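Look for subunit A in each of the two complexes below; its partner is subunit B in the first and subunit C in the second.
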Partner chain A sequence: MILADLSRSELERRLAGPGLRLRAGPVVTQIQSPLGAVADGVALHYAAHPIEGSDGFADFFVRVDRPRNLRRWLHPQAVFYIDGEAPFTPLPLDQAFPLLEWGLNWCISAHCHQYLIFHAAVVERSGRALILPAPPGSGKSTLCAGLIHRGWRLLSDELALIDPATSHVIPLARPVSLKNRSIDVIRAFAPAAVLSRPVHDTTKGTVAHMQATPDSVRRAAEFARPAWIVMPRYEAGATAALTTLPKARAFMEMVNGGFNYSVHGRKGFEALARVIDLCACHTFVYGDLEEAAKLFDALATKS
Partner chain B sequence: MSDGLRPSITRALRDPPALASCNLRQWEALVLEARRTNLLSRLAHEMAERGLLDRVPPAPRAHLVAAQTLAQGQADAMRREVTYIRKALARIGIDIVLLKGAAYLMAGLPAARGRLFTDVDILVPFERLPEVEAALMLHGWFATHHSAYDQRYYREWMHELPPLRHAVRTTVIDVHHAILPRTARLKPASAKLLAASRPIPGEDRLRVLSPADLVLHSATHLFLNEELSQGLRDLADLDSLLRHFGDDPGFWNELPQRAVELDLARPLHYGVRHAARLFGTPVPGAARSNIECLAPPPWLDGIMGALYERALQPVAPGEPGPLTPLARQALFMRAHWLRMPPMLLMRHLVSKILRVDHDRDHSRASPDI
Partner chain C sequence: MICREWNGDIVVFNQETGSTHLLDEFAGIVLRRLMASECGATVGELATALAHGQDAREQQESKQAVSAVVAEFARVGVAHADAS
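Moving on to the complex of A and B:
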């Protein structure tokens, strides 16, 4: 059963009541929220995702709700609860759905140490994963959003989950978070892309989420083998170009973006070394998304 | 598990093989409770020891494996951190008495297995605090609590320096000169603790408290600390220490005597009682009656027993029964009461209330990733 099979009123009933059990890749989250913005976001972005009954196993229990204090009448806010605790400061109510998304990222990065977890987008073609690690503001999510509308499958926009035993990348197929100008860039580049209403004045500026493509969601159980590590950087007016990145540097770049690399100790080092060995490593500069997509198309077909 | 939809982490730790009959729904409740009490990695360790991990269904098993990995990573980090601290303090020629998690780990005690670690706690003589602080600062640690009030709070009233954080590794060390605040009603003498401490074989300059003192400190930490949400984890430590040292017959004779000597009779009484109740800690009959003698008058003992029983229950999300938070509140007040004389306590609480917003902004992270 997928979420789109539920009527809107049933979706709202579950969210406001016993909770909606939603699967994204290997993770099942029970989500509770009486907030309309959360119901809207979930209905839009998780329509094609599997939902599970209450007889199964949920990994995390989250709730997005108004805080219980007097401020709720002056400056309405939303709070993210995991397992009944609120680890983050509340955000303006308007940011309730982005808060849910960030909270879900946090659940995974703070708890799922069965995987090596890196801050990177990952897309796939023919079973081969293209890992895009990069600091915020580098144009990683824009490139990721662009590529999945030019023949690549989305594995993840923020969190690269790697099984240390098999080196496989495990898909999450959750929405892509777009910021500021990249929202309009993607609207122009892929008119078919489904975006949520932009939310302004977040800590990242204006944020809109883009639906994962239906194919990505349907194939979320198909793992991929790392084939490329490419560190992207957007630069206005630049011609798209790949430059070889020495493997040792690629290794350190991945370590810098690691959420739990140090937790895995020596095994983590060895597992990451195997991933690096499997990959061609590059830096990549681009100024035009169409040009970038063509270059990656050529990369995927030639080798 | 026997009673329907409510397996409990304490029962699971007492009898891991019984988990074989759990359905997914029961595993879900157990993983959640174990995560909330910081005992998931302990459970993973107990299951792995008995070769039971492979029989757990894949979804809950992933959580156990993740928790095991995290605990191992934290243990490695703790070992490294202790090495850095030892190096930093080498030049002032001081013996470092490790406390709590760091002590269990470096002394190779079973209490360290599957345990999560955060800060390093050490105990040094009061008169050597300035030297120790200076040496640590020379090696990259810096003070975390900058306000004049916080500095005064720690330096005049507490049993430790303001926590020091390392500038590069962001690890935190708590340097203690006593195991209870200077203002507390109970006065365990640090000199006695230091004198009875023992070297860790093969670890130059590192020491741990004597077996009885390790147990007494663990009990004290649990029963005079304001934070009872971590109570079950602390009690699991106590259970493990008692089981480990309890094999030595002399230990049980010494323990109640030492408790009286260190002014820690009641914490020992409460600790042993609740460890036995929740974790089934074996206590020989003679020792049990000797420790019973340390109890407060029956009316007080009854109230305290009921409060702890309630406060040590983990709260499940979605069903926050009003009694557990209330009991924790009451024990929070009591812990403060025991830590400070009334007028000082009043000043401290007023000062805390006035600064509550300020504190909150620093205590919670942003979800921004």
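Moving on to the complex of A and C:
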């Protein structure tokens, strides 16, 4: 059963009541929220995702709700709870769905230590994963969003989950977080892309989420083998160009973007080294998304 | 200490501290020499081992370079300095 099989009233009943058990890749989250903005976001972005029965296992139990104080009425806010605890500062109520997404990212990166987790977008073609590690503001999500509308499958926009035993990248198809100018860039580049209404004045500026493509969600059980590590950087006016990145440097870049590399100790070092062995490593500068998509198309075709 | 090498660059994982370090080619050579010596080595011994065909001035420069690398190793815990 997928979420779209539920009526809107049943979705709202579950969210406001016993909770909705939603599967994204290997992770099942029980979500509770009486907030309309959360119901809207979940309905839009997770329509194709499987839902689980209430008697099964859930990795995380989360709730997005109003705070239990006067802020409930004055300058309404939303709070993210996990197991009844609120680890983050409340945000304005209109940021309730982004808060849920950021909270879920935190749940996974802070707890799913069966995987090596890196801050990176990952897309796949022909069973081969293109890993895009980069700091915020580098154009990583924009590139990721563009590529999945040019024949690549979304594995993750934010968290690269790598099985340390097999080196496979585990799909985690969830909404792609677009910020500021990249929202209009993607609207123009992929008119068919489904975006949420932008939310302004977040800590990241204006944010809109883009729905994962149905194909990415449907193929959530298909792992991918790492083939490329590419560190992207958007630069206005730049011609798209790949430059070889020495593997040892790529290793250290991955370490710097690791959420739980140190948790894995020696096994993490060895597992990451196997990933580096499998990958061609590059830096990448681009100023035009169409040109970038063509370059990656050629990369996937020739190698 | 666990090492992996790609095209002359070495990445080292220090199991004692859990830290990971990127070494350039020269630092990698020094580390290899150090790890190959069963009882450790002095800066002078390491410099001598690396000083094939060097004149006195070059040997002095090598010794200074090895000394700097070993000091960095000690600072990050890749090697332990022994005052004796």
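Just so it is clear, the second predicted complex is superposed on the first by the 303 of 303 C-alpha atoms of A that agree within 3 Å, B and C clash if a C-alpha of one lies under 4 Å from a C-alpha of the other, contacts with A are read in each partner's own complex, and residues count from 1 in each chain.
Everything below uses one rule, namely that a residue touches a chain if its C-beta (ideal position, glycine included) is under 8 Å from a C-beta of that chain, and two chains touch if they have at least 3 such contacts.
Quantities reported herein were computed from a predicted structural model and do not represent experimental measurements.
When the two complexes are overlaid on their common chain A, residue A:276 makes contact with subunit C while staying clear of subunit B. Legend: residue contacts after superposition of the two complexes on their common chain; A:61 is shown touching subunit B, with no touch to subunit C. Put simply, more of the residues of subunit A are touched by B, taking subunit B and subunit C as the two choices. Contact with subunit B, but none with subunit C, is seen for A:105 once the two complexes are overlaid on the shared chain. Looking at the shared chain after the overlay, A:84 reaches subunit B, while subunit C stays out of its contact range.
Shared-chain residue A:53: touches no atom of subunit B or subunit C.
Touch criterion not met for A:237: it reaches neither subunit B nor subunit C. By the touch criterion stated above, A:252 is placed in contact with subunit C alone, subunit B being left untouched.
When both complexes are overlaid on chain A, the residue A:262 reaches subunit B and subunit C alike.
Residues 262, 265 of subunit A lie in contact with subunit B in one complex and with subunit C in the other.
On the subunit C side of its complex with subunit A, the touching residues are 2, 4-7, 9-11, 13, 15, 18, 20, 22. Within the complex, the subunit B residues that touch subunit A are 24-25, 27-28, 32, 35-36, 57, 59-60, 62-63, 65-67, 69-70, 72-74, 76-77, 315-318, 320, 360-361, 364-369.
Within the complex formed with subunit B, the subunit A residues making contact are 26, 28, 32, 54-59, 61, 63, 80-81, 83-89, 99, 102-103, 105-106, 109, 111-114, 119, 158, 203-204, 260, 262-265. Touching subunit C in their complex are the following residues of subunit A: 246-249, 251-252, 255, 261-262, 265-266, 269-270, 273, 276.
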